[in-house]
Structures are given as structure tokens and as C-alpha cells.
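Take a look at these structures.
Each of the next two complexes has subunit A plus one other chain: subunit B in the first, subunit C in the second.
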Partner chain A sequence: MEVVGRQERILTRKQRQSRRAYAVILPFFFYISIWSLLPLVIGLLLGFTEFNALNGLPKWVGLDNFKTFFGSKDYIILLVRQVWMGGLCLIANVVLSFLLALALNIKHPLRGFFRTSVYIPNIAAAAITSGVFIALLNPFNGGLNMFFKSIGMEPIIWNYSQFWMVFWIMIFFVWRSVGPAAIIWLGGLQSIDASLYEAANVDGASKLQQVRYITIPGLRFISAYILLTGLIGVMQMFDVVMLISHGNPYGKTDVLMYRIYRDGVVSFNMGMAGAASTILGLVTVLIAFLAFKIISKGDKNE
Partner chain B sequence: MKKLIAMVLACIMVLTMTACGAQKDDVAETDKTTETTKETTTETAVEPTKEAEKSTEIIHLVAPKTGFTEEQMQLEKDNAAANNTKIGPGAQFYFDVTAKIAEQYPNYEMEYVDWGWAETLDQKQRSLILSGNAPSIVAGETFMPVYASSGMLEPLPQDIVDMVNPSFLIYDPEGRPVSVAYKSSVFLLFYNKTLLKNAGLDPENPPKTWDEWKQMSDAVTASGNGEIFGGGVPSFPHAGGSLRATPFFRQMGVDFGGGSTINLTDPKLQETLQYIRDMNANFPAGLGNNSDEGPLWSEFQDKDKGTIAFAVNGSWQKGAMIDNGHDWGVTALPLPEGGVVGNCMVGAVYVGVPITAEHKEDCFNIIRVLLDTEIQKNWLKEGTPSALNIYIDSSAEYPEDITLQAAADALKSGTIKGLTTFNKNDAQVWEIINTKVLARTTMTNDPIDTICNEAQAEIENLLK
Partner chain C sequence: MSKAMRTTLKIVWVIGMMILVLFMLYPFIYSFLGALNTKTDFSNLGTLLPIPKKLVFRNFLYAFTKTGIPPLLNTFYRTSWYTFWNVLVAVLLGYVMARYEFKGKKLFLVFIICSQVVPSVLTMIPSFVMMSKIPFLGGNNWMGMGGHGLINNPLVLYLPFGWGALLWVFLFMQSMKSLPKDFEEAAEIDGCNFRLTLTKVILPMQKPILAVIAANTALGTWNDWFTPFMYINRIKDSTLPAYIGMLATSLQEMSGDRDFPKLFGLSCVSIIPPLLIFLFFQKYIIQGIASTGIKG
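Then we have the complex of A and B:
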């Protein structure tokens, strides 16, 4: 019996390696559970309560907050707007950062300077840079309207128009985010084997054909990373909206994430904030899953 | 493998629980030490009577917006020295309060905390209330009626209630005053006499009615050739808009509702919105309803600008008009035909004592110092009405100050409230009023009844 017991405890090399690996990552799992999973669970549970942080403990209200969410077209409109405004920002950012990366990949004496420059807007404090944007957009004597007046054009009252405010939100978002995405694209571009381009040149392929048949396929994993992280980012986007438009004109640029922020820490309607967060989280997971499926479809085909 | 993971997890849990437990014990131990120190302090003091024993007890009070920390004092002194000026009356108020508390209540260990203002302060206070460590005094402006209506504030002692104008009080659902503003203001109509003169109007005859105001404002705009404007009722898409528009609704005898009702379908309210829309034509396009209200005030008051003739603002506007050398005047808000006097409290700093606070009577002593008759004179020097009846009922302390006199007249005309409060989602309801009612009224030509009906439906949903 004793021999059998000892035999059971003998581990293969692979098992020993696995144990060591688990021992290394276990503290991090524990850390993540405390700081990420626990708040997530609390947020989820809050969605089933009524709680304003003044009158004692949360009161269980079941699905009431979820009924309010789906019973009012206002929350649905905000969710849809989060998707389409976020989508616009994401597409613009992905395309422009890719083009920027292509430009930064060209050998030029000032290449290092430009690579650093494109990253700076992301480091600069958003509250300060958004202040510059807002000053430029001042309807009466803002920089842009003063310029229009000086060339004989009619000033534009930017804050009256949903189109223009979405446009400026997108510009500010891309201006801040394009640098980091371009640097990642650039890393991908430089990891493509240079001999492929040399062979393409020998075969007489044009620059456009080289991008189409070498660069883009070579960047599939990088693009998957940029798209998925970007997608999650825009589904959580509210700071740009808050800083540039405050959801105006009259709520026409408001998005669900900004509403969750206001429900939670302005109105202290923690129940609605929890319920809306849960729904937004599920929608984000669903969209990210679909995006992942589409991206990985190419892999399977190959 | 599973056993090993389970063992490690169990160990981590035990360690964590032990660590947390130890921390709790440490805190408890510290508390005990503090208590022992307190007891020692009390025991070693000369204590012939129970009263004396009370006065030597060290009482720790945490109070935002009541006094200055050493750092804040130094900063104010440095700023004054750098600008070669005296410390302003607003800052002097807090210097005086801090000094008076130190002198009158030497056993109070005051923690003057700077938790910001508005949402930041609200968040900090709520998190402390939630964790069972409510500060000794809570402070705030727009959210204080919400605190009061939740029943979390201790009723004010009668002596405090008796010394202040009723407009400076907030009541709980049972009608008991639970919070008092140690400073506040009301809205007045400021005007630039030079611009009125240039438009051929009598600058000594400010408008008394809505119609007169509109005619004068239209005249300034018409003669201004797109450079000079008459001005109107601001409709900023935030509280700055609703605060300034509310007096005009109240003059028509209506308000937005309150509690669990919303009142946007009232014809008089819609009539007022029409007036606000008409007056908005006298602002430079996009300025009267801009998210950032700074550019509007800059156009009205800046030395090198002064392009708007009329501005609805609190009594603090006086300071900038004097500093920038404008020829200016101030008057009560114009009234609609058949209307009543109406206004709204603004720029208030309300304070109250949470029910869960310890040493409540000592907390009220702090509020008594905030309402000290000598210290309150600082607000009069600043051009802000004092909460005290003696300074509202009589203008003996400010015989030459037309702004304070106009504000006192408004306060004497009846009890003025702050913005109304809604039982649920208060901030969200106000946001809809600010953006989808007021700002939309002046930004678009959408029919006012459509604007109101849509907002009414949305708000009713939030109040359910």
C-alpha cells in the first residue's frame, strides 16, 4: 500500500513544470480576483438594488433597473449611439494610424522625431488639451470662427450641431489615440520579412500590390490586437464626450458610458449604473466575440 | 494538482483574513490608546465641575468648508503678497472662523478638510457616510436639499434658526430646518450704462418689466451692428442655466415641480420659455447657451470687451464691474405683467450636521461661529448678502452698496428657495431640464410644447 501511495505522488516532468507555472501565476490570479473580479461582481449585484449611498444598505429590487433600461428608449438610444459613435472613432483611428505607420516606416533622417511627436498627444493631459479644443470652438470669438470671419466666411455655431460635435469628438479622440496605435502598427510592419518585398520588387509588384499582398496579411495579428483593444476602448469611451461636448447639443452626443458615470457618481443611482454597466459589458463582449470570429475566420481558411 | 491549488488558495485566504483582522485590531488598539490618552488628559486636568471636565475633553471634528488649514492660510498669504494686495474678505472669513474656534473652543481638534466642491465634495462625503465615518459637518450647495430630504441631517437648534433669514435654511421632509447657508446670493440684473447710452437709452432708468427689458435689449442689439448685444436670460446646458432661468419661472408663479412630479406642460412655464427664447436673440449666437459660460461673462465684464448690455447674475458680479472700470448699474429682475417677485438662491454654502455625527452640540458650535455677527461682515465687504437677519433687515452696515441693498430687498420680499429637488435621480432630471428643455429652446426652433412634452415623458420615467 505504501509503495502504491508513493508511486501516486511521483509527478512527471511536465506536471512539475505545470505546478511551478501555477505557483508563479497564482498570486496574480488572486490579485486580479480582488481588484477586478470582486468589483465586477459587486457592480453586477448593484444592478439588482436601489442604492444612493445615503440611506443605509442597498435595497434588493430584482429586475426593476433592467426593466427601466429596456422600458425607456433613452437608454437604448444611448447604447446605440455608443456603438455608432465609438465605431466611427475606431474606424478613423485604425485607418489613420495604419497610414501614419506606413509613413513613419519610410527611411528618413527625421523619422525618430516624428515617431516621438505622434505619441505626445496621448501623454498630454486630456483636460488641458480639450481646453484648447473648446477655446478654438468658442462660437463668438473662438480661433476657428475668427479665422472664418477673417476670410469672409460665416461663423459656425458648432455647439448647435450634432454633426459638428460628433466630428470634433472624433477628431479629438483620433488626435489622442492615433500615436500609440501607429507605433504598434509600426512594430508589426518592421516584423515583416524584408525579403518578401525584395522578391515582390523582382516580380514587378507595385507599391499598392505590396501593401495588399504582403503588408496587410502580415499584420493580421497586430490588426486583431488593435481592433479588439480599440473596440473595448470605444465601448468605454466617455471622457472625450464629457470634455468636448458634455453630451450636447441637448443630449445629442450623449453616450451610455457617460450616462453610467453620471448615474453612478453624480446622481448616486448606483442600481441603474450597475444595471447599465452590466448590459454595456455584455454588448461589448458580444461585439468583441463577433469581431474575433471574423478575424480568426481567415486563419481557419488558411 | 487540484489539492495543491486548493491548499495554496486556502493559505492565501487565511493569511489575508489574518492580515485584515490584525489591521482591524490595530485600529481598535489605536482607538483604545486614543481613548486612554483622552481619559488621561481629562483626568490630569483641573476639574472642579462637570462643565470644566467637558471643556477639557479633546474633541476631534472633521469639517469641510468651515476653516483653513495651515497650508491654505499660507497659500492665501503668499498670493496676497505676490499680488501686493490684502487678503480678500472671502478668505478673511475663513481666517477669522479658524481663529475664533481656536480661541473659543481650545479643546476642539479641528480637521479642516479641503474636499473640493460640487460633485467632488458630494462623492467624498457620501463615501464617508456610507462607510460609517460621516464627517462632523457636511457642506455643499445643490445636493444639500437631497441630503436633507433623505432625513440624514440633524435638526438645527432654535437659536441658529432664529438668527438667519428663512431663505438661507433647508428643511427636511418633516418641515424641520436641518441645514443653513452661511453665505448665499440672489440674482439681480446688472447693466452697462455706457452701452445703454450709446443705444440712445436712459441708463438711469433700468427696465422694470419683461417687455421693457426686451425693448431695451432689442434696441442695443439693433444699434450694435453685430458687435454689441443687449443680452438676455442665459440658458447654459448645466446648473448655471437653470439657476438663472428659475427666477423668471417663479415670477410667473410656476416652477419645474419637485418631489416626484415634473411640471413642464404648464402653459405659464412654456410662456416663460418663449420669453427666454426671444431674449436669446440678444446674445451673440451660441454664447447664451454655451457649455462654457466663461465667454459670456468675459464679453459682459472684461475691461477690453464690455460688448453685452445686460447680465443676470449673482451679487458677486459687482466686483468685476468695479475692478474693470465699467460705468454700471444694478436693479431687481424685471417682472412679467401680472407676475410676482421671484428669485433663486445661488452661490450658497450650506452646512449641516449628520445624524450619525458624534459631539453634535460641538458641531453646532462650529456653525454658530460661522454665523458670528462680526465674522459675517466679511461677506458684506465682499458684496455677498449675509445670512443674518440683522444684516438683511437693516442696511446700516452697507449704506452705499446698491447691490447688497437690491439683494436684501429681494430677500425681504419673501422666502427664496434654491433649485427644487426631485426624490429620485435629481441630477439626471436637472440635466434633462438644462439640456433638453432650456438649451434646446434657445438652440432650435422646435415647438416649445414638443420640447416640453418630450422632456416631460423622459423625466416621468426617471421619477417612477
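Then we have the complex of A and C:
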């Protein structure tokens, strides 16, 4: 009798547990799904419709929006530019943050102060700090050109040059995001076993060799993480573009994500925005997947 | 390496880092100095450091005028609201996911992990459409027609709760793994129910991770200028960073009211709360960055 009773208790306890788990989890998951999963589904359908979100119902137009996307050069150019401009920002950020992490990995009383300082640009929203850049880059009375004039150099009309606008977008992007990336690198650097370096020192390996054979292999997971999240991030980067250059000069720094935003939120062309979103999302996933494949292939060769 | 060389290298390093720090902090110094100028003074100045000829302080007070106070308060409300919910969801879901056995647990876990890598482009515009068509709100009927839904409706700053929060659920789950089950079992034997076990036993031991979640969400919500910027165009219902975003994007047009000192003054005010959060909870924020990096 006693044994049976105990078994029953165990069973009910398990049931009780799972019942309680569902009671806690399901309402939240349901609510979160409304705001995240539902838009994902809507987004997939949106691309096949013509819809202005203000009045009327969406009209099913099949593949028309996708034909427009691939038929007109505009969108393809923007997609390509999203990839190369994002790529430049990402590479600059990864390389510089790694160097910064190496520099921050030196024991010194001032290290904490330096680490805090390089992180601070990230705690201010992009919109808050972009004004400084716009003021400095004003071609007529901006600080930079006035400084150039005062030392006898020709002023540069930043706003009319694609090169310089991309350059400043990159500076703004890296300035904002180099700190967190450096902190992640730093965490990786410090998780490498110090005895490996000691052993290398005993064997007479140079500093460069130590970096090549201990540091870089030890950072494989971290670098994969930084690259993949960074990749997904820059493929959707547009706030920087919107704030620094507005896509100018003549739309030469415009990127697809910014176009999607304007299509959807400014001109209410939801169908086109939806189609372009789907394509950009797929391209992002594809590039991230390829990058992941390449990184994990490198793993096997090691 | 000789000792002399080592000291020179250290000095070179310190000087190099100092220059870097100056570069990183320069825009903040610039906006602080710029805010001390009057509008005309500033546009005539054109220097790398806008040192004011005549000190004015009223630019800092814009945030406390009739236009500035509502967005400032909205930012505070919104930040507290989302910080509270993020922590609550992370604790409840993280605890249950870490400790309870139930069917479909793996599925939830997969959902949590997958949701973190979905590109946000896939949800931005559809969310906007959904907000505009949400039933029963903003003059919409049950079909979501007739009104403008949550667009330009202050509720849009409080209702949505997306899967970004699941990152913290995951983090809390991970942190529960390092806590032995003995404490809860002991508490249960002593007659603690679910709520008591959580509040009296688990949470006091998980304070660091709670600080990580709270500090990071507070910082993130305060700095989320884009959501209000996208959904709301009345300054009164917006948040301070979004208001600054409106000013900043209008600066791109060469004509119109280009009041830089006002923008800088507002910026200086709106950076104070995140700066305080950062300085006080720096350890936790950095831990959050590093652990999402390492574990993610």
C-alpha cells in the first residue's frame, strides 16, 4: 500500500511541476509571440501584396513587388551597397576592437579608466551624438574645415563626396561600437590559460608567435560570435546612415535598409517594403550561414 | 627586455591610450561646450572646440521647459516599465526553464535561441503594419480598420514586448545552472511555495545576474530612440532621445531652424541617466556584454 501511495505522489508531483511550468511559460510566450512571431508571418505575406496601411485592404499582386525589386537597378544597387558599406564598417570595427583589446590587456592602474572611457560612446544613443558630427562636418563653418583653413589647407566639401561620407559613417559606426566589441575580445583574451604563455616563453617563442599559436586559436569562439552577430547587425545598419549622411550625396550612400524604412514608414508602400525586407532578410541569413560554414570549416582544419 | 625599455613602452602606451580616450570623449566635450553658446555665437564660431565667448546656461534647461518635460518623463516611465518586465520575465521563465521538467521544454529552448538570430529587418515594417491595424485601439474596429491603431498612440511605448527579452531568460537560465538545487529542496521541505522559494531563496542569491539584466535593459530602453521616433510624431508623447532624434535628422536639411546649442543642451541632459547607470553598474553591464558574448 505504502509503495503505491508513494508512486502516486511522485507522479502527481511531476504533473504538478509541468502544469505549473506551462502556467508560467505559456502566457508570456503567447504575448511575446504576438509582438514578434506574428510580424514575422505578416512580413512574409506582405511582400506579395499592394497595401498602404492607411485605408483599404491589402491587394494580392503575386510576385509583382519582387519583379520590381529585381527589375529596377535601384534596389539591387542599394542591396550591394548595404553589403559593402556594412562589410567595411564590420571589418574596421572587428580589427580595431581587437587591437584595442590587446592594448587594454596590459596591467596598469589606469586600465579601468581606459576601459570605461572607450565604452562611453556606446551608452549614448546614436541620435544624441550624431549632432556633433554634423556640426563638425558643415562644409562652410564646420570645425574641421575651419581648422583646415587655419593651417593653410584646402577645405573639403564633405557632403558632396561619396568617399568622405562613407568614411565618416564608418568613423561614427566604429566610434560607437568599438568599445563593446573590445570588451568581448578582452573577455576572450583573459579566458586563455596564462600557463600556455609561460610555457611558450620557456620554449623561447617570440611575442608574434605567441599571438599566432596561442591567442588566435584560443579566440576562435569569440571571433565567430563577434563576426556573426556583427554581420547580422551591419546588414541592417541604417540609423548611422540616416543620421550622418541622409543617404546623400545624391543617394550615393543610401542603403537598402534605409530605403525599406522610407518605403514603409514614410511613403506607406508596404508591399514593396515587405518584399525588400524579405529579400534583405534572406540575404542576411544566407551570408551569415556561409560565414558560419567558413568559420567552422577553418575549425576542422586546425 | 631591459627595464628602461619596459618603462618607456609603458609610457608610450599610457600616452597612446590617453590620446585615444580624448578621441572617444571628444564629441561629449564638444557638445557640452557647444551647449554653453548662443545659437548665433555657435554658428559664427567654427572651431574644433566651441569655447563660448559668453556663457549661457539656458540650453541645458530646454529639457525642463513645457515642451521638454513630457518627453523626459515619458523616458523615465518607459525605462522603469520595461526594466521591471524584463527582469520579471527573465526570472520567472528562466527559473522554470532551468528547474522544471515538462514536455516541450526543448522546443521552447530552440525558440529562445533561434529568436536571437532573426534579422530585425524581417519584423520592422510588418510590426509597423500590425501596430496600425491592431483591433480596438486608436479608433480601430474589431477588424483593425477605420483608425490608425497604435501609430501616434502613446501606448505603443508600453504594450509591445518582443523576443528581445528572451536573451535575459537565457542568461538567467545559465546562471541558475551554477546554483545547486539543495537550497530549493530544503526550502520546499520547510514548506515554501513557489513564490516564497523564488523571492526568499533564489533571488537573494542571484542578485548579480538581476543587476546585469536590470542595468542592461534600463540602458537599452533609455537609448531606444528609434521606436518612439518611428511610431510617434508628437513631441509630447515621445521620449527625450527620440525628440533629439527628430532634431538631429532635421539638421540634415540645410535650411530651417538649425539650433545646434539647443540640441547639444538636450543631449547633455539626456545622457546623464544612462551615464549614472553605467558608472554605478559598470561591472554588471560589462559582465552582461562579456557573458552574452561568451555564452551566446
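Note that the second predicted complex is superposed on the first by the 267 of 302 C-alpha atoms of A that agree within 3 Å, B and C clash if a C-alpha of one lies under 4 Å from a C-alpha of the other, contacts with A are read in each partner's own complex, and residues count from 1 in each chain.
Here, contacts are C-beta pairs under 8 Å (C-beta built on N, C-alpha and C of every residue); 3 or more make two chains touch, one makes a residue touch a chain.
Everything numeric in this text was worked out from a predicted model, so none of it was measured.
S.K.: Specify the outcome, clash or fit, for subunit B and subunit C once both structures are aligned onto subunit A.
M.R.: The answer is clash.
S.K.: For A:Ala199, decide between first (touching subunit B), second (touching subunit C), both and neither.
M.R.: After superposing on A, A:Ala199 lies clear of both subunit B and subunit C.
S.K.: Give the label of whichever partner, subunit B or subunit C, reaches more residues of subunit A.
M.R.: Partner with more touched residues of subunit A: C.
S.K.: Name the contact category of A:Ile232: first (subunit B only), second (subunit C only), both, or neither.
M.R.: Only subunit C is touched by A:Ile232; subunit B is not.
S.K.: May I ask you to decide whether A:Ile134 touches subunit B, subunit C, both, or neither, giving the answer as first, second, both or neither?
M.R.: Touch status of A:Ile134: both partners.
S.K.: Does the superposition put A:Val80 against subunit B (first), subunit C (second), both, or neither?
M.R.: neither
S.K.: Using the superposition on chain A described above, determine whether A:Tyr160 touches subunit B (first), subunit C (second), both, or neither.
M.R.: After superposition on chain A, A:Tyr160 lies in contact with subunit B alone.
S.K.: After the superposition on A, what does A:Leu63 contact: first (subunit B), second (subunit C), both or neither?
M.R.: Touch partners of A:Leu63: none, neither subunit B nor subunit C.
S.K.: Could you say whether A:Leu286 touches subunit B, subunit C, both of them, or neither, answering first, second, both or neither?
M.R.: In the superposition, A:Leu286 touches no partner, neither subunit B nor subunit C.
S.K.: When the two structures are overlaid on chain A, which partner does A:Tyr22 contact: first (subunit B), second (subunit C), both, or neither?
M.R.: After superposition on chain A, A:Tyr22 lies in contact with both partners, subunit B and subunit C.
S.K.: Now for A:Ile294: first (subunit B), second (subunit C), both, or neither, which partner does it touch?
M.R.: Touch status of A:Ile294: no partner.
S.K.: For subunit A, give the residues common to its interface with subunit B and its interface with subunit C.
M.R.: Of subunit A, residues 18, 22, 53-54, 134, 138, 141, 245-246, 248, 263, 265 contact subunit B in one complex and subunit C in the other.
S.K.: Quick check on the complex: what are the subunit A residues that touch subunit B?
M.R.: 15, 18-19, 22-23, 26-27, 30, 52-55, 68, 71-72, 74, 134, 138-141, 155, 157-160, 245-251, 262-263, 265-269, 272
S.K.: Quick one: in the complex, what on subunit A touches subunit C?
M.R.: 14, 17-18, 20-22, 24-25, 28-29, 31-32, 35-40, 42-43, 46, 51, 53-54, 100, 103, 106, 108, 110, 113-121, 123-136, 138, 141-147, 175, 179-180, 183-184, 186-188, 191, 221-222, 225-226, 228-229, 232, 235-236, 239, 242-243, 245-246, 248, 257, 260-261, 263-265, 270, 273-274, 277-278, 280-281, 284-285, 288
S.K.: If you look only at subunit B, which of its residues touch subunit A in the complex?
M.R.: Its residues touching subunit A are 1, 4-5, 8-9, 12, 119, 122-123, 126-127, 129-130, 146-147, 150-152, 237-238, 284-287, 289-292, 295, 299, 424-428, 431-432, 435-436, 439-440, 443-444, 458, 461, 464.
S.K.: Which stretch or stretches of subunit C touch subunit A in the complex?
M.R.: For subunit C paired with subunit A, touching residues are 10, 13-14, 16-17, 20-21, 24-25, 27-28, 30-31, 34, 42-50, 89, 92-93, 96-97, 100-103, 105, 108, 111, 115, 117-130, 132-133, 148, 160-163, 165-166, 194, 219, 222-226, 229-230, 241-242, 244-245, 247-249, 251-252, 260, 263-264, 267, 270-271, 274-275, 277-279, 282, 286, 289-290, 293-294, 296.
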